[in-house]
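Below are the structure tokens for one structure; questions will follow.
Letters A, B, C, D and E name the chains as they come in the text, with residue numbers starting at 1 for each one.
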Amino acid sequence: MRWVNRRIGRGQALLLGGLPLALVVLGYVVAAAARHAENPADKILPLPGAMASAMAALLFEPDPLSGELLFWADTLASLSRLGIGLGIATLSALLAGLMLGALPPVRAFFSPLVTAIAVIPPIALLPILFIIFGLGETAKVALIVVGITPFMLRDLAGHISALPREQMVKALTLGASSWQLLLRVALPQALPRLIEELRLSLGPAWVFLISAEAIAADVGLGYRIFLVRRYLAMDVIIPYVGWIALLAVAMDFVLSRTSRLAFGWAHKARR
Amino acid sequence: ALALAAAMAVAGCSDAKSPAEPRTEFNIGWSIYAGWMPWPYAEQAGIVKKWADKYGLTIKFVQVNDYVESVNQYTAGKLDGVTVANMDALTIPAAGGKDTSVIILGDYSNGNDAVLLKGGSDVAAIKGRKVNLVELSVSHYLLARALETNGMKLADVKTVNTADADIASAFTSPAVTAAVAWNPQLTAMKGVPGTTAVFTSADIPGEILDLLVVDTATLKANPNLGKALAGIWYETMALMARQDAQGQDARAAMAKLAGTTPKEFESQLSTTFLYTDPKAAVAAMASPELVTTMKRVRDFSFAQGLFGQGARSADAVGMAFPGGKTLGDKNAITLRFDPTFMQLAADGKL
Amino acid sequence: MLRLSNVWVEYGEKVVLERISLDIAEGAFVSVIGPSGAGKSSLLRVILGQDQPSRGRITLDGRPLPAECGPDRGVVFQRYSVFPHLNALGNTMLGLELAGAPFTARLFGSARRAARAQAEEMLAAVGLADSLHLYPSEMSGGMQQRLAIAQALIMRPRILLLDEPFGALDPGIRADMHVLITRLWREFGLTIVMVTHDIKEAFALGTRVITLDKRRHDPHAPQRYGAGVIYDIALTRKTASDEQANESTSITID
Amino acid sequence: MRWVNRRIGRGQALLLGGLPLALVVLGYVVAAAARHAENPADKILPLPGAMASAMAALLFEPDPLSGELLFWADTLASLSRLGIGLGIATLSALLAGLMLGALPPVRAFFSPLVTAIAVIPPIALLPILFIIFGLGETAKVALIVVGITPFMLRDLAGHISALPREQMVKALTLGASSWQLLLRVALPQALPRLIEELRLSLGPAWVFLISAEAIAADVGLGYRIFLVRRYLAMDVIIPYVGWIALLAVAMDFVLSRTSRLAFGWAHKARR
Amino acid sequence: MLRLSNVWVEYGEKVVLERISLDIAEGAFVSVIGPSGAGKSSLLRVILGQDQPSRGRITLDGRPLPAECGPDRGVVFQRYSVFPHLNALGNTMLGLELAGAPFTARLFGSARRAARAQAEEMLAAVGLADSLHLYPSEMSGGMQQRLAIAQALIMRPRILLLDEPFGALDPGIRADMHVLITRLWREFGLTIVMVTHDIKEAFALGTRVITLDKRRHDPHAPQRYGAGVIYDIALTRKTASDEQANESTSITID
């Protein structure tokens, strides 16, 4: 049977998909063991035991200063920033993307501006962001929003404007106004694509969150990573990164499930 | 990903093995700071080549824009030596088990680091404020010393970790009212209206040291590296200290390398106590005050958890000083203050 | 009512339609036939307002046709195009909802129930009573085509443009559709332009049959000349009973 | 006429699109003037004159030490890094995306790994990245590649696997092997989407380039920005950022033109 | 040659086809008719190997049919599906290129010229001689359908599955197509299964006509019962001359 036709069952897929991940972990352990054989105090590739004990302190021992369990405090802070950032980005991408995609005059007016914002690296203009948003939570959320919205917006606008022209004509003959067309034709077909974009944006969103937390923060997963990077505490960094990956994969899974449940029509068409 | 893991293993192994053997090519990392600018200048002015040739070596100076990353890369074995502050030499490579030798004591900060307050004229006014600084760095140490000398504790303020690249612009935000920083950022930050430096490194002279460290094993196998570096350093120092046009040109070139103006660079130099004379550096390294300083730094670092999870006491990392003095675990000495090469320079034997 | 004067349709170099002049009377049922690729769909698109003619003008009731399509014109496209995100009921109700709720574009309560009943009735008329909740991707080709017909017919537009609407239907259902469309045409006085390949159908339903084809052909530059109206046959208006007799015996010459 | 139907001419579009950009510039100048009225020594929002004189030095005066015109040296260095990074990313996204999109067993095997890599923020692992790739050019290019490939790859794989199933069946009945199917059906239809993704990735690519140059470099647009950031020299940073935006917009334009010229069929379908 | 034994096709709850048992002889021309939504296209998909039957088995020459489609079967889908990124010539040559160049999937030099000539001939046969360089998006519906036919026919597959292949064509071109397909069927001994709504066409072309429809209907649960074969009519094999006479007079009863 040709490879393009091989269908993979759920169980098989889990097994197959787990394999490379397991290999990576194995490769890491081997490399770490090799380094430790050379230098038992090596910090670059800590052994799993060292990571476990380093993490145990963050997980279970309250911080003497704040009395908090640092790991959980970090997670909570980062997730809430990420959540707010993603929420604002998604909402504004949806609104603006619909308008830009469906209304040519709006597109003509805004698309050069949007392109410009999309290609300006926000981290290069941090001082200006600080002036506008200060240094608190707003600035961190703003960096996420500024970082991922342009991509989502442009992709969504492209998706909307690529909807078959017949659909638009059809809606107009059914008496739709521009507003109604946005609401009943463009919006519902934008939503599954929006979820797809959100999934693709999770990686960049974490990058911007971590950058923001590296710049000025006193709690958060990115804060901890950059703080302990000062003394190369890879035994904390690696578990933290793994945890971030786990959180992101979980979000990815939830989003893809949601899309299948809520927008079945979009997935049936592709069987 | 497998390739990645393999690459990691290979990178790890190759670096771990090489230092023991004699080599002729070396990489020294540096980052921008007033006290370290002589190194890239020396490379540009041909001083490096001159001394390297003399000992039959090739020495490359690698700029790492991000200071922490330069020290990390040294620790990881990608660099044979690096410019670093005393506290970071202790907490990053030495605490990481990398046997490190301090061969050049370049300067101490004499006002290059400071605690800044908006709307407050003494340290007491800092109580209860949020302080932006690079946490776990010499700034943190300076803050701890400032609070200690004024009868407060670190718990009396709330620290906010702020990247050194961004602290200058962060300080212009009205939301930030207290910060600790070093030069060159410090100069820019003092320009913000209503700012006072309430405590500077000039109040604790000789405690924040700027060093050149190299890997001990590499140095053992290649003592010529140490000689060449000392030669380079003191020739450049002599040139730089001259108050004539030549000295001025050298300093202007350093300013350019640091991305600033000669005027600003001179002002930074004025708050840096340079050991231009090797004899003075040797003496400073041999003095008991260094031990006191390092003990203080060590206790602070341990209290902040900088020695990592494995360390159960402040003695976990061993340090050796000239004259056989030691601090901490004698069986695990990983930071050695080694005046041999500065002494050779002082004796004119290079 | 609808008048095309010297209309040309060109795609770049290629002339598709040339010198089309037509007068379509209110209440007419115009069948358009012609070879594949002649430009029948292009003609409909121009009348619809989806494309602009490259030359010539189109007037509706003496006023130039607005360059956009509106609810006065309904359409069933050649490739059944229904909204993929709505099920059969949703697709059919959409027009009613848009008309009834300018702002929310959704109906609630009794208005919704009324619209739903109307949509169900229309879907039953096209034989989709069993498939109210299927999405287009779950339907066969013929079912999607019938859905498109139901969606357009429920609005009773003044001008209805049909592009091979019954092409994918079996003879039985096709006969039902003929009855349905004739009934609506009579009841609401619609003006219908229908493209078809079934000559029997064209003559059975239409009050007028138009044939599009190339008048000239340059073998070296086939794109040089476009198609025009080569036959324009007015038929005497048949009565509804004729029609039905015709359908039930189903014997015709094509 | 309804807004959805308004078509905007070329000239009109230029005018309309230029307006918001002009407004942004104007807004900036007004804000800068206001700040300078307060504090003539303000560094955060420099006036255009200050920027011009700061840039003149970089543009026209050769650096006394290296003899280079710094601005052009920076531009060249950054563009070559970016070019290599984008090239590698595009190529590997294309290859892997095709395989993942068209071959279900490959997808099952790699997709968890790809998802994991996509959601791991590379900047959290910078020390490891630099350890593996050294402090030279490789690491900077690698950061760009690691940063943008996962997005391109996943989006492309999604695009390929969403091609109508009929097309695949049709190709198989015409006798295509898996390889031929990839080559003649999937690849040509992937290319226009790939260009689209490349356009969307330009912003993130610059972000990663600048982040890499911020950490370890001695020349480059990002290096210069982070170098002078210590002195809050916004009079250099803002023109540099503007220049980056200009370069990126130009690339965006060239890519979109290329796509229209080379893959006309993909754009005709959307008329 | 092709045998379906007790084949069922179900989509979730919905039974589309039930208890289909068929024996299709080598060289047969089977016409399939039935109401819209009966499951004709589903039947073709199952024979094609695109979908798997939920129950029952299909054998080809006594061996179970591989669960994937291959070059032994050709297909023209109901919704004309040609490759959007290839022009008419490219679409038609594709099969030849795939067969002739396993690795590059492209032909060069004389092989390419030969393939091109063959493709041009086939395109001329379906009336697209003027449209060699048009992309599908620039073609009318009927032109795309003819292109799909040319693309499938050029490969002369052992089994050819046609889903309403002539639905969007005008009577003139349709007659040409009938001649073409009959000629190829005779010349190459193809086995053809064709779905059509045109009963006249079904009887005129086929050697056997199969009618699919529901045998039972539960008004409360319409999805409960699927369609089966309700008529299976073998026709005496017509001669080529009969065929042509038939076409030219064009009088039949439907």
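To be clear about the criterion, contacts are C-beta pairs under 8 Å (C-beta built on N, C-alpha and C of every residue); 3 or more make two chains touch, one makes a residue touch a chain.
Given the structure is predicted, the values throughout are model-derived calculations rather than measurements.
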Requested in this report: Could you tell me which chains are in contact with chain C and with chain D alike?
Outcome: A, E
Report summary line: One chain pair leads in contact pairs, namely A-D
Report summary line: Top of the farthest list for chain C, CA-centroid basis, is B
Requested in this report: Could you give the separation in Å between the centres of chain C and chain E, each centre being the mean of its C-alpha atoms?
Outcome: 28
Report summary line: Whole-Å distance, C-alpha centre of chain A to that of chain D, is 18
Query raised in the report: Quick one: chain D and chain E, Cα centre-to-centre, how many Å?
Result: 47
Query raised in the report: Counting in whole Å, what is the centre-to-centre distance of chain B and chain C, each centre being its mean C-alpha position?
Result: 82
Requested in this report: Pull out every residue in chain C that's touching 2 or more other chains.
Outcome: 68, 79, 138
Query raised in the report: Got the chain B residues that touch at least 2 other chains?
Result: 1, 4, 8, 72, 76, 166, 169, 172
Report summary line: Residue numbers in chain D touching two or more further chains are 2, 5, 44, 113, 126-128, 131, 165, 172, 177, 214, 229, 232, 271
Report task. State which pairs of chains touch, listing all of them. Result -> A-B, A-C, A-D, A-E, B-D, C-D, C-E, D-E
Query raised in the report: Any idea which chain C residues touch chain A in the complex?
Result: 48, 50, 68-71, 73-75, 77, 79, 81-87, 94-95, 97-99, 102-106, 135-138, 151-152, 155, 157
Query raised in the report: Contact residues on chain C for chain D in the complex?
Result: 66-68
**Report entry** Partner chain E, residues of chain A touching it in the complex
**Finding:** 1-2, 5
Report task. Report the residues of chain D in contact with chain A in the complex, numbered from low to high. Result -> 2-8, 12-13, 16-21, 24, 44-45, 102-113, 115-116, 118-128, 131, 147, 150-151, 154-155, 158, 161-162, 165, 168, 172, 177-178, 181, 196, 200, 202-204, 206-207, 210-211, 214, 222, 225, 229, 232, 234, 237-238, 240-241, 244-245, 248-249, 252, 270-271
Query raised in the report: Along chain B, where are the residues that touch chain D in the complex?
Result: 1, 4, 7-8, 11, 29, 32, 44, 62-66, 69-70, 72-73, 76, 78-79, 164-166, 168-169, 172, 184-185, 187-188, 191, 193, 253, 256-257, 259-260, 264
